[in-house]
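Each of the next two complexes has chain A plus one more chain, namely chain B in the first and chain C in the second.
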Partner chain A sequence: MNGVSVAEVDRSSVRWRALSRSLRGGLKGAEYTWSLAFVVPYLAVFVTFVAYPVVYGLWMGSEPSLYRELFRDPIYERTVVNTVLYLALGVNVKMFLALLLSGFFMRPGRWTKVMLLIFVLPWAVPQISTFISIHWMLNGEWGFLNNALYKLFHIEGPSWLNDRWTALGAVIVSHIWKWTPFWTLILLAGRMAIPLEIRDTARVDGATGVRGFVHITFPLLANLYLICTLLSTIFLLGDFNAVYFVSGGGPANSTHVLATLGIRDAFDIAQPRLGVAAVMSALPLVIPLVIVLMRKLRTTEVQL
Partner chain B sequence: MSTLLADAGVASSRALAESHRALRRRRWLSQAGVVLLSVMLIVWSLAPIYNMVLISLEPEGDVFTDHIWPRVPSVESFWGVLTQGHWYLEHFWHQFANSLFLGAMVTFFTLLFGSMTSFSIARMRIRHGWVVSNAALLTYVIPASFLAIPFYRIMQNYGLANNPWSVIAALVAFATPYAIFVFQEYGRSIPIEVDESARIDGASPVQIYRRIYLPLMAPALVAVGTYALLLAWNEFLYQFLLLSTKSSMTVPVALAQFLNSDQSPWNYMMATAIIYAVPPVAIYYAFRRRMTAGLTMGGVKG
Partner chain C sequence: MAHLTRRSVLRGSAALGAAQALGFPHVAKAAATTATMWFSQGFVQDEDVALRKAVADYEKASGNKIELSVIPFAPERQKIISAITSGVVPDIVDSNPGEILQLYGWQDKWVDVSDVVESQKGQFSETALQAAQAYNSVIKKREFYGVPLRAAVVPCHIWRSLVEKAGLKIEDIPKTWDAYFDFFKKVQDNLRKQGERKVYGLGFQVTALGVDPYNLFMAFLVAYGGQDIVTKDGKLHLDDPKVKQAATKAVAYIGGAYKDGYVPPSAINWNDADDNNAFHAKLMVMDVDGTLSTEVAVKEKHPEWYYKEIVTHGVPGYPNDNAGKPVPSIVGYTNGLIPKGAKNVAVAKEFLKYFIQPKVIGEFVELGLGRWLPVMPSLAKSPFWQNPKDPHLKGYVQQGLLGPTIPDYYVFNPAMAEVRNQQVWSVAMIDVAKEGMKPEAAVEKALKRMQEMFAKYPIG
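What follows is the complex of A and B.
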């Protein structure tokens, strides 16, 4: 910016300027005020609607007796099992499918483009619309799925949402259905960002097909894949809609996950503190994830 | 001699034909694989959407049937939604307007606050800008649903329950971090000298922001705007908790109300769900390229 190598400039004035610059980030008077004015709206939003609720929530869930009550609840125990299954299957199956499918969508040609347009539809349609549709689709008596199974294969399908495991399975599959397109797009962009020369050189050297994927593509995508998996874990942990609309936490509160159990405790049985405690019991998982993610996202600048 | 050559020629052409055949077979196999995978993907992707259309085309009271093709397609339910012709749809247009208002405001404030913040951090290089960036990053990795209960309590204390601005505030708070990332990332492609020469010509920071920064950021603004709108359109929990009166209710809340009632008018619900899905799908396909670019620029966010 300013060359400070001019000899006539008084040393003390240089020092003074350097000091004031370090205080104001190199901005002068009015400009400094403006730069502050530009961040104040967001900071106000952050403090009022993120930081304050976080602190308020920590305060609401700070009583140890809440956790004793929570851990005694058999519904909570089931919820933890469900959450773990939901995380393990939902995240990994989805990300693995996305990884494979992003390879499929790398194929040249018009047909692939048309397929991609169809394929992203589950993600583009609002969650509420699609999850309600899936809920009715899985109805044991009148649902489309069982009708189709009977008409096409003469199979009598079960009442999907009346059994804990099939209902939980339905929720997980719905989540995968909804979010695979999104992560496929991200990984597709990651694959596109691999320079053509690398791919061509690898091909000349005989690294095609599975070998090309294992030795060239995946190592280059690995960091992105890891970040996506971690982010997807966080998003899935906070996912409320899939469980709420597809299974509704039923039958008999057996398919709740932590996010929906918290809301149920707070509003259906009017124990907001217990609800906060249910959500906060995920902190041992959330905090390490957040720390790792903050580091990863900052250092790699999420450049694909 | 000549026969020998001819033999060699025949052999090599045979080998060539053989390898051609192998190549063709492999190509055929991969084509078959593509077709098979395509069919599976189409069925998989479209089944719930097909179900939505199928049921919305049923005439009233005919939802409880077992056919899998529309027998007597009827647009009665769509007409019923559009004219508010069913007791459950009495306030449809009002709810739709509420949803539109919510989406528009969330988009506007996300773009405004996001661009102002990233202008200050990345272009004016405010000191301690990294603190703001980290606050944004932290918001980005906190699940919004985990804050719903304290947020609801706070809004109640302030008397802001059933006020759309409470939901707008929450959604802006959760959408702006993504905006800040994308704007910062995109802003790297605009040389800082542009701002500096404008400053030397006597432009104030506000003028640089409005006349130079925003126009140059237009593609990123479109990407983030689409994202914010879709976020607001997809959101349910905060609307469900905070907007429960007839006058403040949005379409998702109204839809959810009938999910668990015994007399759910499924054909009307599905028609409503389809009408609600039209704007985001249209916007998504219109701005698809920009949005995908935005997703890959500023990291990733469901």
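What follows is the complex of A and C.
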């Protein structure tokens, strides 16, 4: 006897059958084969385009020595500060403006609609060309802004992109300008979804203007606002274009954010693993955000 | 309509799989005479036309096929790095950026192309041959991993009209280093007195973007006697007082010129082509910038600029050092490379052997309007480079091919590529120019960073 008893073999085969039944979900024969045939393509797409890139990225950035090298880089700390500022100001100012503007665009009238059409233009035009235009506009010597200042008021404007704070400010303002229309439309849709009866009843009870906004509109929009803010934060964390094309990460690498630092490390310095590590170092912020977002989406599925 | 059953689906899938499997020999056969090649797009269209002509001529002569992708500079660089990282590589790439040869040579990622180089070894300049080699840390040897195709140096580009407007002449420009650059400060001062509020004397790229600031700093370092910062054996010599003194003087001169208002303020955030644009906008009197892209870019649209207004200073006329001795020019090379894992090494090597024949490679460089230099001294004698009617080419080829030259320092140790790409010296120049740091302190900071980088690339 090889040491395995008949009872053990039986138990193992029973367990296997139970597992197999549970995996089949009660399907038998041809039904099971067809279900597999339908699931496999989706599974293949998921593995190829979702699971594989994520796992490959995690693998590339898995060596602790990469993080030691990253933290030794004199510009990393400044980059983290820039990223936090970019997120905090970029997301919150933009979302607050979008909230206010969505209220404005709820006003009836043809002109409001025309203005809405004009207002969404920055979002509709390709972002790279607009960010490059902003870069040129802000050039200290021959940029449009300083030339206009000089022609109109005889003021010598500063070199906007030569100082860390004005350059970072330019990046943040560019981002807000570009993306406020999009989030305004989302919040406008949210406002429009508030049933008319609720608004009418509130109006009858005297909740108009600011009071109506504070007591009726905002509470009903709060969940949508929070979800939009979380989504925008996740999007912005991976945003590369505004920084790359407006300030180029300069002057002297002082306005990099993690996304541009990752690209710089991966391709300018030809160390792709270090680039992945730079981006991965944002995971402690991204993961809680995704968890909160998922929980919010679950708990608010029947709310506005 | 046929009735679809489970068996028919399975049969169909099996048949499809079999057909695909049987189809493979045909693809494999096609691959036997086909090589894929990536090459960076030129600044002027003529460069791409010249490349396509060379490829088409090879295809006609050999019967092989080269699947050529001409890709803009930055995306190609990213594509190459991604390809080498993933292992799915083309058969030939150009060394974009130049240092990729040494960086990935260190990691044993290139195919040895000694046999290709050997076919024309006697033709190449000594500097080109040095720059085609890389130290392989796996086999602990230097080997030929690159096939020299073209070269570039950093000349000075000057607006004759602005110099003359300032009441001076091109012939007045002194020949020694500091006096040479000081001259343009005087030009600016004179122009300002005439009410020109936005013209600067010097186009120094005091920026931390692109390769220009490193080239500028290294030109000054060599001119001030710091040539031995890294020696041919790959060793770093930071304790050499001459090196430290030269680095301090270089940082002080460039940073000081910016601080004193002789460099356009926006130079601190310039990227690759920004200095060319600023020069064409006559924002500065002179620019220190690699290749003849500044001149070639305006040749068709503004021939009067090309032939009369813009002056290129190479050797002779590129300033000598402060003692009056010639300063060797640092030459950057584009090499042809074959990544390890390439499917068709034989065709790749055959194409490169064809491409570096003096007639072919010479024509390739000349058809590209001479933005790039040839890598073989014999080619400098051609009527194209010696054309007496062209005010730029003769001096340029003299500076980069016939005069004293050295390869870039990453050739000796790839750590220098990291020094360049992490903008160590740019930060030092900016520390002085903008942050008010003393040159000595900025240099100490940079040298410490260099030491950290060199520790990762021990040679010998």
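We take it that the second predicted complex is superposed on the first by the 254 of 304 C-alpha atoms of A that agree within 3 Å, B and C clash if a C-alpha of one lies under 4 Å from a C-alpha of the other, contacts with A are read in each partner's own complex, and residues count from 1 in each chain.
Following the convention adopted for this analysis, contacts are C-beta pairs under 8 Å (C-beta built on N, C-alpha and C of every residue); 3 or more make two chains touch, one makes a residue touch a chain.
Keep in mind it's a predicted model, so treat the numbers as computed, not measured.
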Inset, instruction - Mind working out whether A:I198 is in touch with chain B, chain C, both or neither, as first, second, both or neither? - result: neither
Legend entry - Contact breadth on chain A, by residue count: chain C or chain B: B
Inset, instruction - Pick one for A:A189: touches chain B only (first), chain C only (second), both, or neither. - result: first
Inset, instruction - Have a look at where A:P74 lands relative to chain B and chain C in the superposition and call it first, second, both or neither. - result: second
Inset, instruction - Give one of first, second, both or neither to describe whether A:A88 is in contact with chain B, with chain C, with both, or with none. - result: neither
Inset, instruction - Please indicate which partner A:I287 is in contact with in the superposed arrangement: first for chain B, second for chain C, both, or neither. - result: neither
Legend entry - chain B versus chain C as contact partner of A:W142, first or second or both or neither: both
Inset, instruction - Scan A:A270 for contacts with chain B and chain C and give back first, second, both or neither. - result: second
Inset, instruction - Tell me which partner A:A222 touches in the superposition: chain B (first), chain C (second), both or neither. - result: neither
Inset, instruction - Figure out whether A:G249 sits in contact with chain B (first) or chain C (second), or with both, or with neither. - result: second
Legend entry - Shared chain A contacts, counted only where both chain B and chain C touch the same residue: 30, 34, 141-142, 248, 266-267, 272
Legend entry - chain A residues touching chain B - in the complex, by the definition given at the top: 1, 22-27, 30-32, 34-36, 38-39, 41-43, 45-46, 48-54, 56-57, 60, 101, 104, 107, 111, 115, 117-122, 124-130, 132-137, 141-142, 144, 147-148, 150-152, 177, 179, 181-183, 185-186, 189-190, 193, 227-228, 231-232, 234-235, 237-241, 244-245, 248, 259, 262-263, 266-267, 272, 275-276, 279, 282, 286, 289-290, 293-294, 297-298, 301-304
Inset, instruction - Spell out the part of chain B that touches chain A in their complex, as residue ranges. - result: 34, 37-38, 41-42, 44-52, 54-55, 63-68, 112-114, 116-117, 119-121, 124-129, 132, 134-154, 169-170, 172-174, 176, 180-181, 185, 196, 204-206, 209, 233-234, 236-237, 241, 251-252, 255-256, 259-260, 266, 269-270, 273-274, 276-277, 280-281, 284-285, 288, 292, 295-296, 298-302
Legend entry - Complex contacts: residues of chain C adjacent to chain A: 6, 9, 77-78, 81-82, 85, 97, 99-100, 103-104, 198, 207-209, 264-266, 268-269, 271, 278, 281, 283, 417-418, 421-423, 426-427, 430-431, 434, 449, 452
Legend entry - For the chain A and chain C complex, residues of the former touching the latter: 30, 33-34, 37, 72-74, 139-142, 159, 161-162, 167, 247-253, 266-270, 272
